[in-house]
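Dropping the structures in below, format is structure tokens.
After this come two complexes, each holding subunit A, first together with subunit B and then together with subunit C.
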Partner chain A sequence: MNNQLSFWQLNKAVILFAVVALTMPLWFPLINGYSGLDTKIMIFCIFLVGFDILLGFTGYLSFGHAAFFGIAAYSTGLMLKNFSDNIVPAIIVAVAVATLAAIVIGLLTLKRTGIYFSILTLAFAEMFHSMAMAMLQTWTGGENGLTGMPTPMLFDLKMQGNNVFYFTAIMAILLFYVAKRIERSPVGLMMKAIKCNQTRLEYTGINARKYKLLAFVISAMYAAVAGALMVVYEPFVGHEFLGWHQSGEVVIMSVIGGVGTLVGPMLGAGFMLYFENVLSVDLGEQWLLVLGLIFMFVVIFMPGGFMEALERIKRRFFTTVDGE
Partner chain B sequence: MPILDIHQVSLSFGGLKALQNVNLKVEQGSTHALIGPNGAGKSTLLNVLTGMLKPDDGSVMFDGKPLLDVNSFDINQLGIAKVFQTPAVFPEMTVLQNVTIPVFAARDGSFRMNMLEGYAKQRPLIEFAEEQICEIGLEKHMYTLAGSLSRGDKRRLEMAICLANKPRLLLLDEPTAGMARHETEKTIELLQGMKDGITKVIVEHDMNVVFSLAEKISVLAQGQIIAEGSPDEIKGHPKVIEAYLGEAQV
Partner chain C sequence: MDMTLNAFTLYILTGLQLGSIFVLIALGLTLIFGTLGVVNFAHGALYLIAIYLAVSINNALGFGLALILVPPILFIFGVLMERGLIQRFYDRPHTDQILVTFGLAIVLQELLKWVFGANNIPFAIPSWGNGIIMLHDYLPFLEGFVVYPKWRLILVVVSIITVAAVFALLHLTRFGLVIRAGMRDAEMMQFLGVNINRRFMIVFGLGSMIAGIAGVFGGPVTQVSPEVGMHLLVPSFLVVVIGGMGSLGGAVLAGILIGMAQSFTAPYINLNTVIIYLITVIVLLVRPRGLLGAKGVFE
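Right after this comes the complex of A and B.
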């Protein structure tokens, strides 16, 4: 809360993230990461940073954020297929559609708190899932998924290989910066106060419901950007984009990384995707079991996730007697 | 003209008549105590004033504006703040952040989408919050998490939160409940030392607190106002003695 914080202190996390992200194609292959997975990690960083604005700031656990991810993915796919192969209008339309859905779902679900809110969001997401599978099959391709999109273009630039990676990485850095700005703003302060003591906040003259809705919609917009970029990355939309499995994975990534820290959930996303796609090959069929054990270990011994582990290491090795 | 005018307010919970035709006028700038045996309806009345409960009947006017059917946060924005029985603060935030919230609530109203403004950079507002914290004597704890303060200090912090958006009416629900003697004394001092102009309505069981603060006392029993007057008048009032002793005999 100090005014004298320098540019470096305020933006340390964003700068470090930018360096790590932009150099990823150089170091990622050294740890057996294949090209393409780095793009997916960047996409999920966007999803997770947004999700943390809802879960980490306000404490509302949504089990249905795959809805916005999926809705945006389908919208992008349909736009690319039927309107233009330029990704800019596609992404704008996708985010707009998902935002509208988020406003409606948010208004309905935020009337409840705790587990009821989680169940309601899950129910809405499942509704969209079954709609994509049946009612809207002619548009979504149902079980087979939406295919047949042209190669996505950023105006005259073909979105393939490294182009996609750098595009998503820059989006991730920008959106992480925006999330950091929100955290430092009065809006971020009010959102965090909702998690602390909602009654006190209301009795302090703040309309908590509007701030909750704002957090919900912002996090849905992040999910939508991620969903849209998924289609740019790989021109295919499967119905599992909307599924509860997808929603649950985001929650697990957040918890493993450290809820409420913005950086933590991104670490969680990177770790999970790396684990699923690279380490699982070495571990064989037991990889899910190992992942489950890691999750349990984190929840029981480090409820603050990776960020808590880093904090402990920092304290142990970098703290002098006077606490500096 | 009274700043707060409660007129014929009734409220039942099922068959229980929690409030029956309650009339109460609170004068601008005064300290008005509400006393009465347990279950008399004192806290219920406060909850009506903050918009938490909706009465079945009657009206409440604050400074000429109706308070019924108004949201809690709008009531606060009108100038009514409440100090809870158990100190209500934001435990995972620093003391300074706790007081920064009402300061921004006073500037921005109940909702504003200023997402890209750094709140710590608003020096005049932060300095005002710091002053408020110094005034209640918590300057050493500026960056302490509110959850780790002692109960007495949490109470002080809560008062600072309430006062930071400059209310005109402060509602206090048993502000000294569960406090040690010296903490109670400190709280009385804090309330006495509060700048003039803030009207206070205080619900309290501790008669020592009531008689050292209140200018006027209303006695509630079984949802009805049974007596009203200055502390001296209330002390010897036969109905008041009956209400309290009657309860003791049960």
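Right after this comes the complex of A and C.
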């Protein structure tokens, strides 16, 4: 194989994603997707790409990433309400606050692996959730949520309708590109080595904790950007943003799509939000039950998610005898 | 802190009562984890099945039948769950086990919501458990008139009996000996010719049955609605972590500790909502393996 990969080979996925994302307002209504849902899908693509840097690369399953999503959402909301209706300072502050929280939580939870890590991240997220409900009620609005934000502005541009969509889509494309760069970088390789065999990596003299924390914080920053954009998209913050439902939803999207592929989790996000908001009309109250069954089916029979399914189809129909 | 002996006694009782439910759920969790190495995210859903079964049987046929039927049904359900699903995951990574039990938890919860609706179903306490107990009649050091709901004290007693029974089973019988040996080294047990798989199945059933007992007596206290399972699961996980993964004594100790902490912080609403998490963080930092956790187990 040629060592010099062309621009197209390196950036194929990003370019394809950019084309699909930017043309979404054209084709999405054709499959009954309503305007606004496309923005939400873009927001969750950001969340999920970041989540895959942690789960897909290092193998650490966090059940508490809603914490960073929610913290950033509340920070954005409070900034818009009390400081300025410009979203730029709001997003920067939100990401900074969430990053700080991620460093502290990461230092504490990454002392543990596997199951322990999952339970502890879940516990921390639940802690923030109950704090938002009680202790910080005057700031967060408790049960009612944070409301009363002005219309968010990008300097002089009103963030409404298509403006929000294109802003989030461009953010999503940029952040997907960054994630792809991380994947190809030596740092990304270290992260993947942690998933393969952490002990062996440490024996070679590498400080695995540093890379684990880095992956954790980066994924939290992606979650924070998503949380902040969620408030730009819809000026409201509910306590559900911090709840375990939110964390669980992200895990489900990742797994259904295909952990560790970056593209897969975005497919998962698109599928799940489409399922939740469009197909659920036909299923009624039971949509979550059907989703749970699909999720279980994937975990049991197709651990690689949609990406594995695509790979299988490709192998079946499009390859010659000796493969690639 | 200025506290009378009366108030202190009531706080202790409330702490015990809150702890009882945590202990019962955490006991099953830690038993299953210690033996099978599986973290069961569906354990809250097992409790959910138990309370819905209990409330249905109780309201239709009476409490006696609920008490006789629910724990065995949960035992069978646990066995089926282990054979049908969990068994396939022994060789898969821990995260896959978490994922599949998490999926099962969603499916079970949504099924129950579909059948019984999302609203709370009133759980009628049987007449013999209704009303209050005059504590001052039994405890001479209390001043004046001190009462406590009878059912909550019954819950504490049931919990003590269940814990005692589990410990007796594990420490006084041959079956218990094999299980405890399996918790130490399952592979070695297989080399010695013990059919450890069958024991795993029974242990899973047992953990599920304890959730059944918790459901029958805890249902009237925790309410009967689809969210209850997950609400109880998180603190119960923390109880297991604080006590030490796989340690039964640790689960009991940590359950009571958490119950007490919640009870005594009740007047301070801000502290009350985060006390469990504070304790978890402190224990994690000071003693990562948990209060009574064995050395080297998930340290």
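Just so it is clear, the second predicted complex is superposed on the first by the 320 of 324 C-alpha atoms of A that agree within 3 Å, B and C clash if a C-alpha of one lies under 4 Å from a C-alpha of the other, contacts with A are read in each partner's own complex, and residues count from 1 in each chain.
One rule holds in what follows: a residue touches a chain if its C-beta (ideal position, glycine included) is under 8 Å from a C-beta of that chain, and two chains touch if they have at least 3 such contacts.
Predicted, not measured: the structure shown is a model, and the values here were computed from it.
Trainee: With the two structures overlaid on subunit A, would subunit B and subunit C clash, or do they fit side by side?
Mentor: Fit: subunit B and subunit C sit side by side once superposed on subunit A.
Trainee: In the overlay, answer first, second, both or neither for which of subunit B and subunit C A:I300 touches.
Mentor: In the superposition, A:I300 touches subunit C alone.
Trainee: Could you say whether A:M127 touches subunit B, subunit C, both of them, or neither, answering first, second, both or neither?
Mentor: A:M127 contacts subunit C only, not subunit B.
Trainee: In the superposed arrangement, which partner chain does A:F47 touch: subunit B (first), subunit C (second), both, or neither?
Mentor: After superposing on A, A:F47 lies clear of both subunit B and subunit C.
Trainee: Touching A:F57, do we find subunit B (first), subunit C (second), both, or neither?
Mentor: In the superposed model, A:F57 contacts neither subunit B nor subunit C.
Trainee: Can you pull out the angle centred on subunit A between the C-alpha centres of subunit B and subunit C, to the nearest 10°?
Mentor: After fitting both complexes on chain A, the angle is 80 degrees.
Trainee: Rounded to the nearest angstrom, what is the minimum C-alpha distance from subunit B to subunit C in the superposition?
Mentor: Least C-alpha distance after superposition: 12 Å.
Trainee: State which residues of subunit A lie in both footprints, the one left by subunit B and the one left by subunit C.
Mentor: The overlap between the subunit B and subunit C interfaces on subunit A is empty, containing no residue.
Trainee: Please output the residues of subunit A touching subunit C within their complex, sorted ascending.
Mentor: It is residues 59, 61, 63, 108, 111-112, 114-116, 118-120, 122-124, 126-127, 130-131, 133-135, 244, 248, 251-252, 255, 285-286, 288-289, 291-293, 295-296, 299-300, 303 of subunit A that touch subunit C.
Trainee: Quick one: in the complex, what on subunit C touches subunit A?
Mentor: 39, 85, 88, 92-96, 98-100, 102-104, 106-107, 110-111, 113-114, 230, 234, 237-238, 241, 245, 269-270, 272-274, 276-277, 280-281, 284-285, 288, 298
Trainee: In their complex, what parts of subunit B are in touch with subunit A?
Mentor: Against subunit A, the touching part of subunit B is residues 50, 71-74, 76-77, 81-82, 84, 88-94, 96-97, 100-102, 104-106, 108-121, 123, 126, 143, 161-162, 165.
Trainee: What residues on subunit A touch subunit B, complex-wise?
Mentor: Result: residues 1-3, 5, 178, 181-182, 184-190, 192-193, 195-197, 199-208, 210-211, 214 of subunit A touch subunit B.
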